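What follows is a pair of complexes built around chain A, which joins chain B in one and chain C in the other.
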Partner chain A sequence: MSTTAKSTLFRDPASTESVRSILKVVILLTIAAAAVASRLFSVIRFESIIHEFDPWFNFRASKYLVKHGFFDFWNWFDDRTWYPLGRVTGGTLYPGLMVTSGAIWHALRMISLPVDIRNICVLLAPGFSGLTAFATYLFTKEMKDSGAGLLAAAFMGIAPGYISRSVAGSYDNEAIAIFLLMFTFYLWIKAAKLGSAMWGGLCALFYFYMVSAWGGYVFITNLIPLHVFVLILMGRYSGRIYVAYSSWYALGTLASMQVPFVGFLPVKTSEHMAALGIFGLIQLVAFVDYLRGQVPSKQFNTLLRALVILITVISFTGLVTLTVTGVIAPWSGRFYSLWDTGYAKIHIPIIASVSEHQPTAWPSFFFDLNMLIWLFPAGVYLSFRQLRDEHVFIIVYSVMASYFAGVMVRLMLTLTPIVCVAAAITVSSIFDTYLEIDSPEEPEEDSESKKAKKDKKETGGFLSSKAPFIGIYSITSKVGVVGAFSVYLVLFVFHCTWVTSNAYSSPSVVLASRMPDGSQHIIDDFREAYYWLRKNTAEDAKIMSWWDYGYQIGGMADRTTLVDNNTWNNTHIATVGKAMASREEVSYDILRKHEVDYVLIIFGGLLGYSGDDINKFLWMVRIAEGVWPAEVQERKFFTPRGEYKVDHEATDTMKNSLMYKMSYYKFPSLFPPGQAQDRVRGARLPAEGPVLHTLDEAFTSENWIVRIYKVKDLDQFGRDHFAVSAFESGKKKGKKGGMAGRAPGKRGRRVVRA
Partner chain B sequence: MARKNAARATTPEPSAVRPTTPNTSVEAAPKATPSTTPAAATTTSPSSTSTVKLSANSSPLAVAGAIWEKYQKDTPQRTKLIDVFMGFLVAVGALQFVYCVVAGNYPFNAFLAGFSATVGQFVLTASLRIQTNPANKTEFSSVSPERAFADFVFGSLILHFFCVNFIN
Partner chain C sequence: MRLLPLLTAFTSLLSFTVAQKASDKYQTFAGLASSSKGTKGVVLLNDQLFGDITSPHRNFTSVVLFTALDARFGCALCRDFQPEFDLLGNSWHKEHPQSDGLFFGVLDFTVGKQTFQRLGMSTAPILMLFPSSGPGSQQNPIKFEFNPSDVTPAEAVARWITGSSKYTVIIHRPFNYVKLFTFVGGIIGTATLSKLAYPYLAPALYSRNLWAAVSLVAVLLFTSGHMFNHIRKVPYVVQGRGGGVSYIASGFSNQLGLETQIIAVVYAVLAFSAIALCLKMPRMESSGKQKIAVMAWNLVLLVLFSFLMSIFKMKNGAYPFFLPPLIA
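For the complex of A and B:
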């Protein structure tokens, strides 16, 4: 883009400069517009709605912030979640996102544009994606030139790896965090280049914003020290690095501790120790460097040896003391799982159960990044050829982000920016080399050598000056390469649009399917059920569901939940898992003790919706087993052949579990006798459906995706519910008599009394 | 202002004529005291290395002593002032740390705020010292001493804002 501008406007340097800057602004605005526009598929296809799970909590928190003001938000104790524990919400969230949208809301009101907070929340992510493109431009400009910067901005604007987390309605922390990540890195590069404490201070301020917005700030906390460490090891220590790093660390760490959720972590946990260690190291290096300037080198060696011994002894003693006294906490589980991918599965099932914490499958690299993924290594190689301080940053970033993206799917998000930058450097240098054809002074055959000289002068800044310059003389190869890359770029745009439109624009609250005639059919069971809850249940009703749906129930139905997606209390989640996985008698006890009024489950068997609770059921069992290994055992849910079955082969434990009963209750009655079919698991169900004694079916949505059960109250005559249901079904054989057609052992042996 | 610029303008010359000890000589040039002329700087610098007479295997203590002597002689008054301030910050920081170890760290945020105020101020001052050191002029081509001081003020303002907020 900028290369064409360069070629046609060579006549007058001054006007060229101004035309170029206008062009840059126009191009950047166009990129921002394209970035925003490509994220609006979901709004156009469905409606302006918040997506998925976590955004619903963020949305609810934003509404609270706008309604009650900042100080109430800060001290918010939420008694409508984690019943009966409650949650100190104000102190356990990253407030950056809500404060941002709250500030936008107030700013718009101030200029008499009262916009609904929901629309601000829905459109925040696309808006910030335009800013991300701009930050990427600035970052890449520091690495190469503005041509590469524009390419990087364009890549960043439409790369599916970033779009996946920033479509309209995906109101999550990542929506603003990626912009902050790139901008912080840009400020860091600027600070390290100029050696200015002001840029370091600005970097610290944006780092603070980042800390307040996303837990992924730890990536910055470790990447910048690593960059500095590598530079020191390469013998590239300089005063600039000292000024930039010291001012960033001292201000940034202090600032990050202002966020209540982070608190004292920066001085207490191992994740932050690297930054602290490098801070100490750079002080020593600076001191030693100063001393080196004061004495001749031979005496310096003597002094250095003495210093090294002294420092080693002191720091080793300090480390041992701190570890023994337990001042420094060990690494948290989520970080262990970054190093040992099997760790979470064994020790912390709750982390492993989240699908975005799974390792990445290799096709998703191509799916999310398309051609950028093969341009990426070339860009890293080009950074090696120049290897100024900032190029070291690219290399360090690429290595770290590639590793992490391979370990965890969601960290693809941190890899995407550097892939865009590296790919832009590659494409831009290819165009730099091959687009010389447009130069007005295209030489004739006889001035071949002159042209070579001129080429050398122009591109010498990029290519290593030591290497002999190899020019491109043949027009065919120029046209071929440039043409091929233009085709690739066009294909890339098509790919990005296709991926965005097909894979990342579904709100997951509303499902879309195709009718046999090709027309679109909207499946709106979730909202139907949540709306039913909102309108038909008591204001203070407690809803039990698996934690995935906690935020949605809180956001859409406005009812109290037992567990939600903020998985801070493993035992509480395990309790819910146990209630779902146990026999009815055991579960009823748990439900009564937690004052549960309704139980909500997701069932996809009728429609073929595969993300339902029966498929998640094994995780509930595993998490419950982690807390009550004696009462819940995963093995008992598998057939003797080790299969997970729901049909007539299912084990007794499975068939008697509350989850199984609730899922298939009355399900066979939809089909002709003996024909009941579960479409997700492709299993034929027994003709006789399960019987529920302690729960009543309260609501089942249109496509049976959401089923809500009401927990029965205690019997008025003090009988247990098994006796009651036996009585009501007309088999009055006396309380003590065995019930026909049912194993005697199944009668409620555990009488429940409140 | 004019004097400082003049001093900076003359710095490269002595370092150019004595390539053996380039670092020590540039260190000496920007004296704050008006009596010191560039000519005087060129005479003091070789004498400082000659009077100490270090050999390759002299003890670390002797080397440290030599450095101290050279520091006394060659550091400009203004830089010495900065150094005194840095020493003061180290003393205050150490005092706080000792207090924390001896008397406990109960309001931990207050301790952290106080301690990071000293540490932060220390590194900002050290940055100022490095940036204004004429020996590093080639590295900080875009940072003039005035700019460095402005940066210093900017950084300190942010630092103390957060400290006051943190200390409750």
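For the complex of A and C:
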């Protein structure tokens, strides 16, 4: 009696509806809070600061937006980057992120909460991660039930694969894009389930928001058509699919074309052709479906089938012809390199050079997803069991996203949501079974029914769940399984916290290291150097650096740069690469022609900071070689044995390159004679450091990470700089004795740090 | 006084003979190029011909490939480059049947040992351009730097020739009919085969099990780092330190072929145990059997997950977590 009462109390949905919904709200709020809180490591440990490289540009653009207003932002021509070309910034960015933070800034001001735009930018990503968790809940709820939804939301909130791109300060397009991705998918599933044009329209609306926020919108543009295509192939065409897809595609495409950066791409490039093709196909299928209902003659059906095949072939040929003749642009290189994985390495070194475009090794998957990664295939399998229309979506998404994540580390981000959803479905199915308090009665031994079942089982094969559901008999089994999974879940939380805290919370602008006594030591060379530039150089000074640092120089030092992280002009980048890789005579010409005032390089040899310019140097050489194969050759930077060396074995080309000279200029003087050592490459350097003729050392940061050189002006007497330095060194020879002793420790700050 | 005209006459005679000789040589090479035994447009040189083609007085430019094609030398690069060089000579010969001052020559080690020794060459292939000895032009031969990662070496050499002489070689890659026929034949074959096999394949094509298996295998392959193996061409196993075979690569962003397969199998078994726990177990009729099966699957899951964690800890030394019973 008591058991039945208990079971009704817990099981009857009607009687506990309100309690359940309150609980759900509380749990979701807790998840959102946990999601936000776990992303605040860097703010607490360092300060409220923008991270990495790209966010600095977004931050600068946001500042511009709130300062000058929306219309100025839309027409913004930025003459402080890509000197002397400039950049039509308003038309070449995805404005969604900046507009979002601008809107939040205005909204807060309206309710008399004037918050600094920087704080909004820093905290935007954590804030949106809470919303992502909610969108994941809604999405998973459509797939299974709200229990699975809550689990998926919790996974999504703390999975490192998503945290990696959304910690506080990581003010990048992905910060809001993953929320938009999940929400658009949720709306699509809803639209496809209900066949409602309203949901389709909403889906298009959020698709538009997504297009305005991130280039990864192409993923949606191809995944939804693929879903529809698979459904049609499975013979699951229905009016619902037709309404949902047509309304989404028509509205979404028109809306997406309003973003200036996208413009006519949706009708002109191959990336978008799948969506257009499926739109045509679904019209055709709908027409045939209609006719079939009207005329049930067999011959007519054959005729129709022929017609459909003919039209498909004709339109496909048309598409190919248009692509060949150039009306439709072929796959862009960035996109194409996802299919032909060797493509980028040969043809577009600038893409291959970015570390996040490398393929993913398995430890990265495990690092970012931990136990979810093996729960994920189980979830896909469970989707196959039910296989409603929305489950097809999970399967298609899983396979495609796994492939992309395997090819490119960066795309782990698009895989993470579906892994969370699939894993949540698995875990929730297990809990559904094992958290049932009631145990079933053991059935009577009945040989006949058993035999029948056995036969059934044999036909069941791979999907071995045709037998009726009975339940778990023993309480020990239940406790064992639930206990084990609870331990795994707790371990997962620990894992996520550890990964977030250790791997993804470094701003990379500020480096942290541990002193021997365990206290934290902050290495702040980047900001030191950028603020030096800001305070000590002319406002219109042009700084040349490798493109990685362009956005930071623009954002922190507020100076004009030659190239930056928006790598739209390969030749210009190659010019900088050539200047770095050539002899001083050649480089000086390039520097003068581009009116460069200062050259900034990153050097990690003293501290052991491995992401420095000497390690990136080969990419500069490669990119320069792509444009000037006769003047810059990668081979010449390798020793005859094919090694990349910086010590006395280094080739002459290497030793005479501007980058090498700038990196090691005066470096040996820090050490006792002959003891100079590069801590990154573990190489002992020649005792004689390189000599610079056309540049002056202007600034070197505390730990030598950033070195800035001033480009010498033309000589007053019209001599070249080599003659000048030869002349001066000859003259000064007699006096040099007095100076020599002072040279090494000239600046008090240049101390070797262990 | 009388000596001077004589001297001039003699000099002019000398220069005439030299010119005569040069033009003779030119004719010889032009003839050799158009009727050579090997590919058209490429002169097969030997020690003597090499001496002629690089003699100090020449009114032609020559591009000479020093190679060692014989299998004894095992020069893979030579054999890879030879067709590209032939294509180069051929393309030039097609447009300029009279050679027009540019020759392509090949000197193989087997017939040109002396030259190799004289020039102190110990590696092959070496590609050199000998400019014509006209007034004001560069005299020294120019060496071509091979770039092994180049996909179209002939074009690279053509660019190099353009850059270092007055000639422009346009490469005409012959159309690959074999490829076209294989492609068209493949399409027709596939179409026919699928048409014929459709009645038999249709059930499989619509079989949920098959698609589930395919999708799961794909997901497992991709998430266990197969694409990394494919792109980076990592070795399957490597020799370990103690002479044994090492299955697991050290380092967090590195892996071996076998390692990923182990991981994929571990993932698969883990996923299968999870499926078994939530689908198969509650459908077992006998309570005793079920109890044992649940415990067994639970144990499998625990041990394998623990194994996975320990491998991961091996790869990433700083990782602090582990799961009993296996502690690395």
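The rule is short, and it goes like this: the second predicted complex is superposed on the first by the 664 of 754 C-alpha atoms of A that agree within 3 Å, B and C clash if a C-alpha of one lies under 4 Å from a C-alpha of the other, contacts with A are read in each partner's own complex, and residues count from 1 in each chain.
One rule holds in what follows: contacts are C-beta pairs under 8 Å (C-beta built on N, C-alpha and C of every residue); 3 or more make two chains touch, one makes a residue touch a chain.
Everything quoted here is computed from the prediction, not taken from an experiment.
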Clash or fit: chain B against chain C, after overlaying the two structures on chain A?
fit
For A:R240, select first, second, both or neither according to whether it touches chain B, chain C, the two together, or no partner.
first
Taking C-alpha centres, what angle do chain B and chain C open up at chain A, rounded to the nearest 10 degrees?
100
Tell me which partner A:A286 touches in the superposition: chain B (first), chain C (second), both or neither.
first
Which partner, once the models are overlaid, touches more of chain A's residues, chain C or chain B?
C
Regarding the shared-chain residue A:A197, is it in contact with chain B (first), chain C (second), both, or neither?
first
When the two structures are overlaid on chain A, which partner does A:T433 contact: first (chain B), second (chain C), both, or neither?
second
Could you look at A:F376 and tell me whether it touches chain B, chain C, both or neither (first, second, both, neither)?
second
Between chain B and chain C, whom does A:F365 touch in the aligned arrangement: first, second, both, or neither?
second
Minimum C-alpha separation between chain B and chain C after superposing on chain A, in Å:
23
Chain A positions touched by chain B in one structure and by chain C in the second
none
What does chain B use to touch chain A in their complex?
21, 23-24, 27, 49, 54, 56-60, 63-64, 66-67, 70-71, 108-109, 112-113, 116, 119-120, 123-124, 126-128, 130-131, 133, 135-136, 139-140, 142-143, 147-148, 150-152, 154-155, 158-159, 162-163, 165-166
Residue set of chain C touching chain A in the complex reads 145, 147, 149, 151, 156, 159-160, 163, 208-209, 211-213, 215-216, 218-220, 222-228, 230-232, 252-255, 259-260, 263, 266-268, 270-272, 274-275, 277-287, 290-291, 294-295, 298, 301-302, 305, 308, 312, 315-316, 318-321, 323
Which of the residues in chain A come into contact with chain B in the complex?
194-198, 200-201, 204-205, 238-240, 242-243, 246-247, 249-251, 253-255, 257-258, 264, 267, 283, 286, 291-296, 298-300, 302-303, 305-306
Considering the complex alone, what residue numbers of chain A touch chain C?
341-342, 346, 359-367, 371, 373-378, 380-382, 384-385, 387, 395, 398-399, 402-403, 405-407, 426, 429-430, 432-434, 442-443, 450, 453, 461-465, 467-474, 476-477, 480-481, 484, 488, 491, 494-495, 498, 502, 629-630, 633-636
